[in-house]
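Below: one structure in structure tokens.
We just call them A, B and C in the order they show up, numbering each chain from 1.
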Amino acid sequence: GWVHHSSSLSSSFSTAWLVVRAIQIFLVQIGMLLLEIGSISPKNTKAMIIKNIGNSSISAICFYLLGYGFSFGVDGDDFVGWGGFATKGELFSNATGGISYNGATYAHFIYYFCVLNLVPTIVSGSLSERTHVVAYFVVTFFISIFITPVVMHWAWSHKGWASYHSRYLMDTGALDFAGSCVVHVSGGIMALVGAYLVGPRNGRFIGERVNVRMPRQNVTYAALGAFFLWAGFYALNMGTIQNFDGEGVNALGKIAINTTICATGSAIVVSLLTLYKEKHIEPYSVVNGICTGLAGSSAGCATMTTEGALITGLLCGAVYFLLSCMLCSSGIDDVTDVAPIHLGGGMVGTILSAFFTTQSFYKIAVLDSGVGTPCGAFYACEGLGWRLFVANLIFLIAVSAWSLVAGIALFLPLRIMSLLRVDKITEDAGLDFISGADVELKRFN
Amino acid sequence: GWVHHSSSLSSSFSTAWLVVRAIQIFLVQIGMLLLEIGSISPKNTKAMIIKNIGNSSISAICFYLLGYGFSFGVDGDDFVGWGGFATKGELFSNATGGISYNGATYAHFIYYFCVLNLVPTIVSGSLSERTHVVAYFVVTFFISIFITPVVMHWAWSHKGWASYHSRYLMDTGALDFAGSCVVHVSGGIMALVGAYLVGPRNGRFIGERVNVRMPRQNVTYAALGAFFLWAGFYALNMGTIQNFDGEGVNALGKIAINTTICATGSAIVVSLLTLYKEKHIEPYSVVNGICTGLAGSSAGCATMTTEGALITGLLCGAVYFLLSCMLCSSGIDDVTDVAPIHLGGGMVGTILSAFFTTQSFYKIAVLDSGVGTPCGAFYACEGLGWRLFVANLIFLIAVSAWSLVAGIALFLPLRIMSLLRVDKITEDAGLDFISGADVELKRFN
Amino acid sequence: GWVHHSSSLSSSFSTAWLVVRAIQIFLVQIGMLLLEIGSISPKNTKAMIIKNIGNSSISAICFYLLGYGFSFGVDGDDFVGWGGFATKGELFSNATGGISYNGATYAHFIYYFCVLNLVPTIVSGSLSERTHVVAYFVVTFFISIFITPVVMHWAWSHKGWASYHSRYLMDTGALDFAGSCVVHVSGGIMALVGAYLVGPRNGRFIGERVNVRMPRQNVTYAALGAFFLWAGFYALNMGTIQNFDGEGVNALGKIAINTTICATGSAIVVSLLTLYKEKHIEPYSVVNGICTGLAGSSAGCATMTTEGALITGLLCGAVYFLLSCMLCSSGIDDVTDVAPIHLGGGMVGTILSAFFTTQSFYKIAVLDSGVGTPCGAFYACEGLGWRLFVANLIFLIAVSAWSLVAGIALFLPLRIMSLLRVDKITEDAGLDFISGADVELKRFN
């Protein structure tokens, strides 16, 4: 009948929407590559490229074989999923509407692969220019196969203990639609642990922690990177709307506006702070300001008011600037400011989304909200006012703890086995030195 | 009932369409950044990046707070809109279909932000390498908050005096679907005024206007920029179709073809002309030829015949070449040939769209065409033949006058207050000199 | 009635889908430009840019005027199409649903233009740094106007002898949804013929074919190129689903997964093989591994199992590595490894898709499959088991023969007329030498 036909078109559209947003998130990978290459010395460019292509390749195979099953497999429990490994099993074969497999699950897979794939890229950003390529790949392997899938299960599966589907936690579940906490806080903490355990680059700090600015090869690459990240984050944030049957689509314009306002607000604050401190606007910092605002926009882009997004952006910028200054005097060498950007922005986003979310926006963005729609602490709603804040806080602490333990469990054994860091000669000569036998034009890398 | 359900899906789709096209227009910003950085000396790269990120940031906040209200606020009159400031008010809260806010208006907002955001980027392109960053930001502020919103109101709001919705002007309204006149002519004129008032770069002209070619750092960036612009213009031009309820979607393929043919036709003409004049094909000129064809395609891409688009493209190329030669001997230093590209292409597009539009294409592209569908002067239509031409001519003159006055009102006070141009030492050392204290690898900027 | 309305929305969506995928394929052009520029000496950069913009421009005009008619014109026969030239005739004007032209045909046109446009770009990639620009443009002209349109007609028109619509060949037709054979094998063979006839670059081989690595200016460009290619191939492969009326959309997620797994599998194999042979992972090779996997994914992305895609990818990587090594000792100078990538990947994809296709996936992806849905040789299906393999093998041989003859017919006369190659002085000085009179910063090209 017509119901079926119309539903089927709407569900076709939902599937297409999710896949297209997924592949647009690919722009974030391009942005990350540009940001990272722009921020390092030319002598390590090739190693960086191998690392980034390798990361995506290993992630893809790992998430295909096992990761997705640990995230969204329906036979799991509160803590971890089970089933649907290698795109097999009920989840994928359980056909909808007379066809032989479930196209919506395949779309769901590719979207969450593109989200998951950001985590190893974030983590490796802090480790550039002195870390062994084998270490990168081991870390990527474990992140993609288990560490991040578990966190995704907590937040986004139907059974996860912090999921807004299960609504187990505080009756609301945690609010983290596009990954401020799942992706950015988690990645930022592992990056920080890694940067600490791998140690600073030779020459980065002198004696009593005197801070030396290391060569950064191309500010244009970095700026382009920020723009591609920006373009990709629209897709990431809008991908939180996954169903065209209902009202969710009404939130799309709002998501795009909130993302824009949050990113630009952050950039403006960072510009003013660097102008105040260094007497000129520092482009690498402004670029990072954009990125911090984007990381902060993900949790609540669909449910926040726009004035809330503006305040989130302004705070993201300030937190970035503060953390970046603190890092410089901490003796930790985080090459592309991963922790200030992703941990800083992610924390601000996770917390503030629990303040600036309105009940009516939440209702539109989350289709299965059921009874008792949650809201942020700044907007009253049937006595649920502070629940979302508590839920997000608990989730933030849990994810931080998990990521801290995972980071130590990943990097410490590698360090003990001396697989974490290249030797001093290789580092000084550049990681690309081993491939230096060819006649490549060195000055153009 | 079914009517409602089906309509709601179609309207969901329209909303998603507009938002996705909007964020794809972001590629134009990336293209502009690459074009501009590729066309300047490396010593001014950082200033350019700060300028471009700053432009987008300021534009976003301004358009959010006030600009959109002046463009599309429903309480306005023929000249300027009023209402909907900061995404508040009836326009945004007036819910459709039982939800608490109007998602379509949010989508509309983000689309027109992405269009508006092109104007300050166009204007600043002519001023590179010697203009003070404060001047850029002041100019961007006023353009985004009032100058361009007003022109958008004239052409695209339901009440504007030249709007094809109101059909007040000549009973047809002006035909400028994607902004050949609103964006490109207007931006081009302000850029020209700015370039004239800021004066040429040191060393650009010698004595009796002997023309010196200034260093341009990277032709690959420029070429990539043109390709991204090209990709983004597909979105810009296809965004003229904003409603999937009717027949408009049938025009999409035609729009893409016309855009392609217009851009490539222009590139071929410019190639042949530079080959004839300089005995080799000049890549920067070919790149600009593409851009000119794109600027010219916007007005009539949805309503022109494809042979019309081809002729428009050929003429765009010729006009670009002519204006670019004229500029060289005029003593005005327009760094990235903004005026030949945007003013030239925009004028050609605005005029020729009034010749090559057919009535049947117009009917498909414009849903509310009502009685007496207009047509171009080359195709007879119920006695309306030349009306569109007269309407477009009047609109072109009005926009030009407005932009000329605005340009003078923007740049003259800045010049008088000595805020327009950096001092000679800074210019010669490079605008990035102030940030030269770091150990950045200068040769890789 | 509702049937009409609902159908019309679905058909609107199909049109929009195809156009948007088409313009996303544009990213492949950007990727190709970056790959090529990254792999050559800086002294030939401008010539490369002129070549690539020129290719697209000439292709667009040729396909508009004649090419599309030879591909999909309905008055043709098994071998070549006829009609619909310059977007005129029944195909375009035959209106659907009361409007004055057939929007779906325009969408079809732009999609296949974007596919066709890849072929001259592939062919010219092998010829860089010593070929005359006139030769490029002559080759592009004939490829876009006739050579590739004919192959597209064979495989993808309703009448073509190898089409899966006509099902004339072996009762199944050849399976090449997104062009592994039509685009990549065909382009790869013409590129190989061209590279052989134009001869190696000066200094590329010494005496007894000692292999000299030539300067490659920028590995970052090459890596970025691969990423953009990757992003664009999602669109290319997903564009095989052209209709939202039926079940095809269910295949989208699967296509994206298969594309990802095939590309990354190939990259991993190439990484391991270069690590084994050269004792380090060679980034240019890994980049090419990605591209080979993408070329191999196109034929069967919609119909293969994901384990089939993984095996296809692994084999793509191995074949790339083998062919690349063979080329080095063959005396043929293929600048960007076009033949190993496109011919190698395309052949693997064309053959293996005939093994790993399942009947149920085929049914979903191909709407007009009618009776006796084909399947791959590894999955039994009503006695049709090996037919698809035979059909694909015949098609592969036919396309290879056609491309070989076309390649000779294109390049041999150019060589005889001495239009193929620039003189030795120009080659050594760089093709950009002719434009060397300006004051461009040479070291930044």
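Just so we're on the same page, contacts are C-beta pairs under 8 Å (C-beta built on N, C-alpha and C of every residue); 3 or more make two chains touch, one makes a residue touch a chain.
Please read these numbers as outputs of a predicted model, since none were measured by experiment.
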Practice problem: Over half of interface residue numbers shared between chain B and chain C means same, under half means different, so which is it? | Solution: different
Exercise. Rotation angle, chain A onto chain B: superpose the C-alpha atoms of these two copies and give the value as a multiple of 5 degrees.
Key: 120
Quiz item: Measuring from the mean C-alpha position of chain B to the mean C-alpha position of chain C, what distance in angstrom results?
Solution: 33
Quiz item: Residues of chain B that touch two or more other chains: which are they?
Solution: 2, 6, 9, 13, 20, 443
Quiz item: In the complex of these two chains, what residues of chain A are touching chain B?
Solution: 2, 6, 9-10, 13, 17, 20, 41-42, 212-220, 223-224, 226-228, 230-231, 234-235, 238, 244, 247, 249-254, 256-257, 260-261, 264-265, 267-268, 271, 278-283, 286-287, 290, 306-307, 310, 360-361, 363-364, 443
Quiz item: Can you list the residues on chain C that touch chain B in the complex?
Solution: 2, 5-6, 9, 12-13, 15-16, 18-20, 22-23, 26-27, 29-30, 33-34, 37, 45-46, 49-50, 52-54, 56-58, 60-61, 64, 86-87, 96-110, 113, 133, 221, 434-435, 438-441, 443-445
